[in-house]
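Both complexes shown next keep chain A, but they swap its partner, so chain B is in the first and chain C is in the second.
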Partner chain A sequence: MNTDPSLLQSLSPKETTGFDVRAKLREVDASMRAPAMLFLVSAVLWLLAGTVFALIAAIKATNPEFLSAQAWLTFGRVRTAHLNAMIYGWGNNVIFALAPWIMGRLSRARIRHTSILMVAGVFWNLAVTIGIIGILKGDMIAVEWLEMPAYVTPLVALSYALVGVWVIIAFRWRQTEHVYVSQWYLLAAFFWLPWLYTVAQIMLVFEPATGVVQSLTNWWFAHNVLGLWLTPVALATAYYLIPKVLGRPIHSYYLSVIGFWSLALFYNWAGVHHLIGGPVPAWLISAGTVASVMMVIPVIVVAVNHHLTVVGLHKQGWASPTIRFVVFGAINYTVVSLFGSAMALRHVNEVTHFTHFTVGHAHHGVYAFFTMIMFGGVYYMLPRLLAREWPNAFLIRVHWWMCAMGIVLMVVALQVGGWIQGLQMNALSEEGTPVYTFLQTVENTKPWLWARSISGLMLLIGHLAFAVNVGWILFSPKTEDQVTQPTLLTEAE
Partner chain B sequence: MGWSAYILVGFFSASLFFLAGAGALYWAHRNGQLNNLEKGARSIFDEDEPLGEITDSFPPKRKAAPPKS
Partner chain C sequence: MKSLPLIFLGVFFTLAFSWTGIVLTSHIQMRDLVPATPELVNADGEPIGGPTYRIRGRTVLGQNAELMPANPQPLVGIAKQGKQVYQDLGCLYCHSQQVRRAGFGADFERGWGNRQSVARDYIAMERVMLGTMRTGPDLANVGLRYSELWQHQHLYNPQITSPGSTMPPFAFLYEVQPISETRGPSPNAVEIPEQYHPGEGLEVVPSQRAKALVAYLMNLKQDYELPEMKFTE
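Up next, the complex of A and B:
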């Protein structure tokens, strides 16, 4: 390849020749360097901001008077700011750093016209910042996971579209014959999110549906952001990195294809399970429950593939920061999904609904699964983009132990506490009167909520260690003797 | 919007979702993506990052502070 293609050539569906040289991995890495840095640094800053919002909200659960004098620091707003900072600030930024990079590597195509990705990055972060300020200021929309005020919608949509188009263009110009399973997941995710977002915006923000349809659309959207956006991207990353790092192909590639298509078929139905017990037609809830249980198929498939690929290479995996984080995430994908299928059963849901069990489940999915895999992806990507080693192994260990133990503590505390809370709320005496007053059930959750706050503090320490290491690697000198090597990190100890 | 409009939006978006999926599966079949999957599983390795080689580990402990440059 002598010259770079023009923007029109890249976008043209008819353009076929002239730029069809198979890129080396390090050329793909180099092409993605600047935009990935922008997205990653923004992601880390949002992660820290989101953690602080989370801690404030967590402390308020046990000490409601904490920081309650200002309207913008009240629980409803801080908790919502936490959710949006994590999903749209941390989650999407880290996806925008990792997904085009993985797509480019698998397609053997350099990421083109990265200045447009940079513009998208600036717009995206501007949109999230305005959105979060809007939430804190009191402008939020009362639709969970879609709380950012309507005035940021155009900016969100535009900047997302710019990133999405670039992922698809990388795929369009692929120089490989086979479409790897991660590419399927990424393409699907980048097609599904705008689809979800458009329908949700039409039906919830611009022409809001009322009553039952509103709740249905709300939970269809919110659950699908997890199921059809965060999940496929995290699975794509795991499907790429586990075999890549260990130098061993996926255990059963056949199964991975079934896993992808069954996820595509079942996951988008599952969101209704949030409304079990609500005033929703029973057949709809049954359909959601059936789909939730059918999700066992793709989950078991992914579990077989991810876990059996690692078997026999545990020692080498433990010596790799990437594998530690990604395998932790993969194990939790199995556990959280099976829990999710169980929670969609009406009799289980009777206990868990409206309790902290659900909060624990949400963090199990978005943090223990999605976020941990994203951390693993960053540990693999950054040294290759910057041609540098991670400067400090101790900080990686602090990050790993604090986050792994912190999230386990959080999930156990919220789910055990939430289960007890559910049993106490449902408990009836022989005369049919409640055994516990509502206030008693609330008081009894306090020790568990304290444990949650402590786990949040552990996560904050882990995130700070990660942020310091990311800042450090950005400004450290190149690892000179290894710059030309494709693999920058040293052999296992 | 009235009920019928919501149903229209829902039907249109659900059809788009389904047709896109069905189209993609059909393309994968026609394109031979579902044949010879074992070879496909190895497609992520190459001479730079080959099969059978671990490509990530903790950075080594530093013996001394790196020279400032």
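Up next, the complex of A and C:
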């Protein structure tokens, strides 16, 4: 190619058909092979461990006698082990596998000195393991999303820094002129998380702040782990994969810019909505509510941009495992965010606050949006790193159907049940006395919590299918030299 | 958007904005909060309406009226140890510790408090656990609602006091032991109804952790007025 690429072409990661570019990408793939495998296998193991913790906790929610004889298996600890295994075990490991790879590919810069990434991977997983054992044995810090004991903080910080540095270095050595939207999101995410974590550690663990400043810092941190870490990485992955797989550039550069900066500006104020009605300054609650509602802008912008990229190619998308998972995640980003904005309104919050509705919302965000996009990313990355195809389409189908149906069932059960729970908690008779006793409201949530346990079982089946397929592709022979095509879920057109 | 410095400055300032607003500003706003008596006086000893008053155009903190206890008071002794137990068992994930204002939810009507919780209620706590979930009831005033015996029975097996509850039993905080033949039943033994009793000749004795936890729960109460928040009726 002698002619310069047009602006539109440069913005799209699709333009990789040239031989030289392909060679470059091969080089990036080869450099990331070992660390990505380490992070990915760890991520899958944590995903399974987290699912088992989740199922135990879910069964306890309806049958409190279940596994109640030992302190380390009590609900409060198992539920917390579940959250930490999923966020810091599964979520961060899969990000550490995908993000440097995407950054390297988009920058056409191979990841250097990957042995440092390997060391970081070992340390990170050691930290999370010690942290979760600490939680189970009773050393947890009673701050939501920050429960891992203080003695793992140095290890967490160090190993995170070692990964983050390589993402930024890959960008620094970029050989491309244009910077694609995924790269903005990744750079921002890898810069935001250490800041959030440092402030949270100082103000909540080492020098705890006075009174409810702790609660405000807690929710500034916890909501931003979702908003400024998981969300930008998932969006970066979606922005990378949708055009790449479908062979069509992202619809609008300008929408991407608006989406990025409005997310950066509004998302980080939204966390205060977890304290609506609480003993914190009213102006902060109002600011949090405003920011939560303003999140409609980046969400709609991203939705329009993604939709207009995919439109007309639904059939091709349905055949690709990557696109199935990524588009499911992208659609749920829109839905869950609009729900989130609504839940920040005081009168909606009066019903949903303190109920299972919020639990449903959290799973909607972290699972139906973030995790599903990560699955899509893994389906795209592994064949390229290993130069072989997914060995079994049936297992991918099991994974897809169990996870998609399972998470829909979970969100519907928790949100319908939670909404009823909230209405019944607040319902007053004409004399001003509660219509339902507290125990009646508890009783009425039980059928919904049962449905949640069933959905958890479905997710476990899906995760097992995924894990088997990952193990299988790792040990199957190379298909590089054979005439093959990608593993598709339906007949290719 | 292709320059690293531009992106870097942008992402720096957006997060700095919320960090300043949410974390730093509230820290500055609340670091001067001190325990207070229901009545405050100005420098001349005259009662004032709120926590601050104005003198020569400046806003000044009032002082506590004499001979009245200043609240909130920090936890001491065994109750302080009990808070550790509450934290490490993860009680936070099902119980909040905040009473919302009348008319927002039904906190008053459920008897969870007779005034709204305010920021000053939490200043003496080393770890603030407002909570975000009410799988179980709010505990801001649980020390006013039940007896120690009720707490022990409820922790040993929640079904004793609250049939149908989904709270897990914390029987592992109790020792089931044979009643001593020489010394007779332990004075600490918890009375357990027959249906839930471990058996003839046995008794249920709280461990140190159970005693501490109950001491903490009995200490959870916002039973004082503050200049900025009086009881409702």
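Heads up, the rule we're going with is that the second predicted complex is superposed on the first by the 458 of 493 C-alpha atoms of A that agree within 3 Å, B and C clash if a C-alpha of one lies under 4 Å from a C-alpha of the other, contacts with A are read in each partner's own complex, and residues count from 1 in each chain.
Operating definition for what follows: a residue touches a chain if its C-beta (ideal position, glycine included) is under 8 Å from a C-beta of that chain, and two chains touch if they have at least 3 such contacts.
The model shown is predicted, which means the values in this text are computed figures rather than measured ones.
Engineer: Putting chain B and chain C onto chain A via the overlay, clash or fit?
Structural biologist: Chain B/chain C on chain A - steric clash.
Engineer: Quick one: classify A:I202 as touching chain B (first), chain C (second), both or neither.
Structural biologist: first
Engineer: Counting residues of chain A touched by each partner, does chain B or chain C come out ahead?
Structural biologist: Counting residues of chain A touched by each partner, the higher count goes to C.
Engineer: In the superposed arrangement, does A:G271 touch chain B (first), chain C (second), both or neither?
Structural biologist: Second partner only, chain C.
Engineer: Considering only touches as defined above, state whether A:R248 meets chain B (first), chain C (second), both or neither.
Structural biologist: Only chain B is touched by A:R248; chain C is not.
Engineer: Please work out whether A:L428 is in contact with chain B alone, chain C alone, both, or neither, and reply first, second, both or neither.
Structural biologist: It touches chain C, and chain B stays clear.
Engineer: Using the superposition on chain A described above, determine whether A:A287 touches chain B (first), chain C (second), both, or neither.
Structural biologist: second
Engineer: Now for A:T322: first (chain B), second (chain C), both, or neither, which partner does it touch?
Structural biologist: Only chain B is touched by A:T322; chain C is not.
Engineer: What residues on chain A does chain C touch that chain B touches too?
Structural biologist: 177-179, 187-188, 191-192, 195, 199, 203, 209, 213, 257, 261, 264-265, 268
Engineer: Given the complex with chain A, which residues does chain B contribute to the contact?
Structural biologist: Its residues touching chain A are 1, 5-6, 9-10, 13, 16-17, 20-21, 24-25, 28, 33-34, 37-46, 48-61, 66, 69.
Engineer: Please output the residues of chain C touching chain A within their complex, sorted ascending.
Structural biologist: Spelled out, the residues of chain C in touch with chain A are 1-2, 4, 7-8, 10-12, 14-15, 17-19, 21-23, 25-27, 29-31, 33, 86-94, 96, 98, 100-101, 104-106, 109-110, 116-123, 125-135, 137, 158, 162-173.
Engineer: For the complex, which residues does chain A have touching chain C?
Structural biologist: Within the complex, chain A touches chain C at residues 60-62, 64-65, 68-71, 74-77, 79-80, 138-144, 171-172, 177-179, 184, 187-188, 191-192, 195-196, 199, 203, 208-217, 220, 224, 228, 257, 261, 264-265, 268-269, 271-272, 274-275, 277-281, 284, 287-288, 346, 350, 353-356, 358-359, 425-428, 432-434, 438-439, 442-443, 446.
Engineer: Write out the stretch or stretches of chain A touching chain B in their complex.
Structural biologist: Residue positions touching the partner: 24-26, 106, 176-180, 187-188, 191-192, 195, 198-199, 202-203, 207, 209, 213, 240, 243-250, 253-254, 257, 261, 264-265, 268, 313, 316, 319-323, 379-380, 389-393, 396-397, 476-477, 486-487, 489-493.
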